[in-house]
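Here chain A shows up in two complexes: once beside chain B, once beside chain C.
Let's look at the complex of A and B:
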């Protein structure tokens, strides 16, 4: 029983970190109607921005987190303006492929500037707490709390602010939103800023836990995408739920499966969801 | 495609010539003894190849100055394999068919060695390599191939033996999926179980950002020593989680993964006390200091030491056989490398003198004792053991 509870705990901690970029991905899908695969590289960029702020300027975690959000959002908007926006008339698939290209490009820019070496944040490493035969990392717990706060902020933004409401309106019914004189351009850019900023924050939180290098974000792309698809692409609560299920599923799988196949969970989930319930758990009707 | 008459005639003539090409120079019994080096002068192995070739030339000069072998001089022909199998095969063809060498030494990348090996055994040429892949000596080379680089099985044995030496009775091996997991783990297991210990293996996915559950599995085994088989990126992540888990046992890793860079990057508490192992030339041995003087390099790397040993062994084998051919080298290599009755020698000149005086020789070189098993793997070599102390990798022993 203890190993199972431990695996669930580990899974919740892993899943809550996946949830943030997954929410970003799904928000952009809801409004813009294409899957932006560049969030992998943008997560890396956010992580490196935060790392730079932390180790060079000596910023603590929360200001570094804001730096991760802002830098990733700025780069994300730049990519949208320069490349993806022009391709939107060519269809969602074209834009998605272009976003993969942008991802490769961004990753190599990071590599060019910082090199391939591993970088770790300048934060003290703390031993785990032990109780009832279980162990929990204070650092991971702190990351979970940060993740929960960010999720609350995102929900607050979407339900309380003008831009948030407008995004939901466009996601719900673009034509109706246009009739109400909402500027689709502005809303699109605000969504991109939110989505890619969240990816940057997610990248940083994951980096805090381990270390970062130019491939950090793209390694996470599969579980992030799986979480968003599982929850229902376009549904923010769905992304959260999906991320938790993927996180817990991956950890529990270790109890009865060799660890080498852990990444397969993401693939299997995508396969099952797309073939049995394409709209995902909390997805909209199609 | 259209050909005019002249092009057609010359093409026919060329292809007729090409058909004759495989007739290679037959081992001559006069003139210089020709040996080839096929080292990477460019590509990933570029930093090592030039020194390797220079070491082989230096040995040939030394031997020639002392009167040569079988009354003949030794000539070294150096080619560049570009760390590329295709270029390696082209260069090997040139060495065998055009130059008529009796042995090729120094192939570095496993891919190059694997591609070049069939040319050698088909032409009955000896091939001496510094590549480490386990599969190489399993090729059907009929004895024409031998290597001075330890394979993974030998490295695994060293890991297991070191664990026992450190008093670890329960050893846990955590590694990502690599082509050598099986042989590495098999050798660790054999060494530890021979001493009455227990071992277990966990193969993890090296792309994960956290290994908490994997660590839980490791802790459940309650090991005295954790052996890390990964590369630097995943080992960094793993080591942090190991530290957090409060694991109290010892840690052992490959020196290429727990390097100074990793040590600098992680907090001091996390890396303190980790042991590392890497193959090492025979530092302190006569052969090693002689090589150092010969090529005027303070501490020659392991590949240079190995090529030095390869040419010495080949020349001694030729002298014992009384004839310079790949088959002679194949047949008599072990006569000079591991003859229990032989006098110990560390260079070809001394060995040739001993042989001329009617003595048997046992070569112990710059890279190690240079004793080979039936398929051409070395039986033992020195390894370098280091430990992280106060944030620096400190030398423990070379053995």
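Let's look at the complex of A and C:
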């Protein structure tokens, strides 16, 4: 029983980190209507920006986190502006392919600058806490708290601010939003900034646990998409729920499967969801 | 120098078959297969294992690599063929990752990261290495030409026209009485079979395969090939494959002559150029060198 509870606990912690980039992906999908595959590379870029701020400038976690968001958001907007925006009339799949090409480009820029070596954040080593036979790392717990705060900020942004409300309006009905004089270009760019910034933060938080290298983000791509598809592509609460389920599923799979197959869980979940409930748990935006 | 050229032509032939596979599924039917390298790997492993373990002749191994590719392809994507295109993209991407994990972890079958060696080469006893290379080049290019003629035939057949109708307007094609999912499934199976065949040809050429040989970057190369050559036209796909091999070799050369960079940096420069080339072509010449020929609507 204890191993199962431990797995669920670990899964919730891992899932809440996964939720951050999954929310970014799904927000961009809701507004722009294409699957942006470059978020893996942008997660890597965020992680490296934070790592640089942390180990070279000696910044602590929160400023490093802001650096991750800002750098990933800037690069994400640059990619959208230079590579993707003009392709939107050619259809969602063309944009998706261009976003993959962009991620190859970005990953190799990171590789060119930093090389292939694993790099770890400069964080103090702390002993894990034990209670009722369960183990929790203070670092993990801190990351979860940060993730929850970020989620609260995202929900607050979407429901309270002008830009947030405009994003939801465009996601619900772009034509109606245009009639109300919302500038679709501005809102698209704000959404890209939010989505790719969240991917950057997610990359950093997931990198804090272990180490980062240029392919870190690509490895996260499958679970991130799985979380978004499971919850219902385009639904923000869905991405959160989906991420928690994927996180728990991955950890439980470790109890009876080799750890190397962990990332295959995302694929299995996507297949199951698409064959049984293609719109996802909380429904997809159409 | 000659053997280098022959090697490049064999690679181009294998890429050409992969490009024809992608062009059928993406160019004609408008479905995206981001896991092309997964089908390539499945074909390579299928033929490698069957010929090394059971002593099956190579030609039969290649046929099996097509069959296994098609079967696995339909099994992995059947859930998504009735859904919107993005889902197929995500599922095929995941499929390639799962193939890589299986190849890496199921040591009893694939020998894991060590890879499979001693894959038989055709007429290995009769030909010296140089003769073998030339023979294999002729073989691969001949198979590529047969595949090309076949796909051009499909492209111009009623079947090909239905695929293009599905690409342009799925609802309309369905309204016209076409069974969309069945057409998509056949197209996907054919495409996966071709990718599997390319994998089999690769395995018997290299005589050694390991998970390292099947990087997802290969899928990007083929997308670049099809886009550069002309989406929706088999001749474009083949031309694109040769252009990409030329481009990659040129990029290798350029990456090497930049002074003061390490081997890792040179490799990253080369991959950057691939990503950049794909973006630029999509932006400025999405129709490719040989644009799709659109037949005028029949006159009444």
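Observations
One rule holds in what follows: the second predicted complex is superposed on the first by the 283 of 286 C-alpha atoms of A that agree within 3 Å, B and C clash if a C-alpha of one lies under 4 Å from a C-alpha of the other, contacts with A are read in each partner's own complex, and residues count from 1 in each chain.
One rule holds for everything that comes next: contacts are C-beta pairs under 8 Å (C-beta built on N, C-alpha and C of every residue); 3 or more make two chains touch, one makes a residue touch a chain.
Worth saying up front: this structure is predicted, and the values here are computed from it rather than measured.
In the overlay built on the shared chain, the residue A:131 is in contact with neither chain B nor chain C. Of the two partners chain B and chain C, more residues of chain A are touched by C. Contacts of A:261 after superposition on the shared chain: both chain B and chain C are touched. Chain A residues in contact with chain B (one complex) as well as with chain C (other complex) are 258, 260-261, 263. Contacts from chain B toward chain A in the complex involve residues 176-177, 202-205, 207-210, 212-214, 216-217, 220, 232-233, 236-237, 240-241, 243-246, 261-262, 265-267, 269-270. Those residues of chain C lying in contact with chain A across their complex are 30, 32, 34, 76, 79-80, 83, 85-87, 89-91, 93-95, 97-98, 101, 104-105, 216-217, 220, 223-224, 227, 262, 264-265, 267-269, 271-272, 274-276, 278-279, 282-283, 286.
Against chain C, in their complex, chain A makes its touches with residues 34-35, 37, 83, 86-87, 90, 92-94, 96-98, 100-109, 111-112, 115-116, 218, 221-222, 225-226, 229, 233, 258, 260-261, 263-264, 266-267, 270-271, 274-275, 278. The residues of chain A lying in touch with chain B in their complex are 3, 6-7, 10, 13-14, 117-120, 124-128, 130, 135, 137, 139-140, 206, 209-211, 213, 216, 219-220, 251, 254, 258-263.
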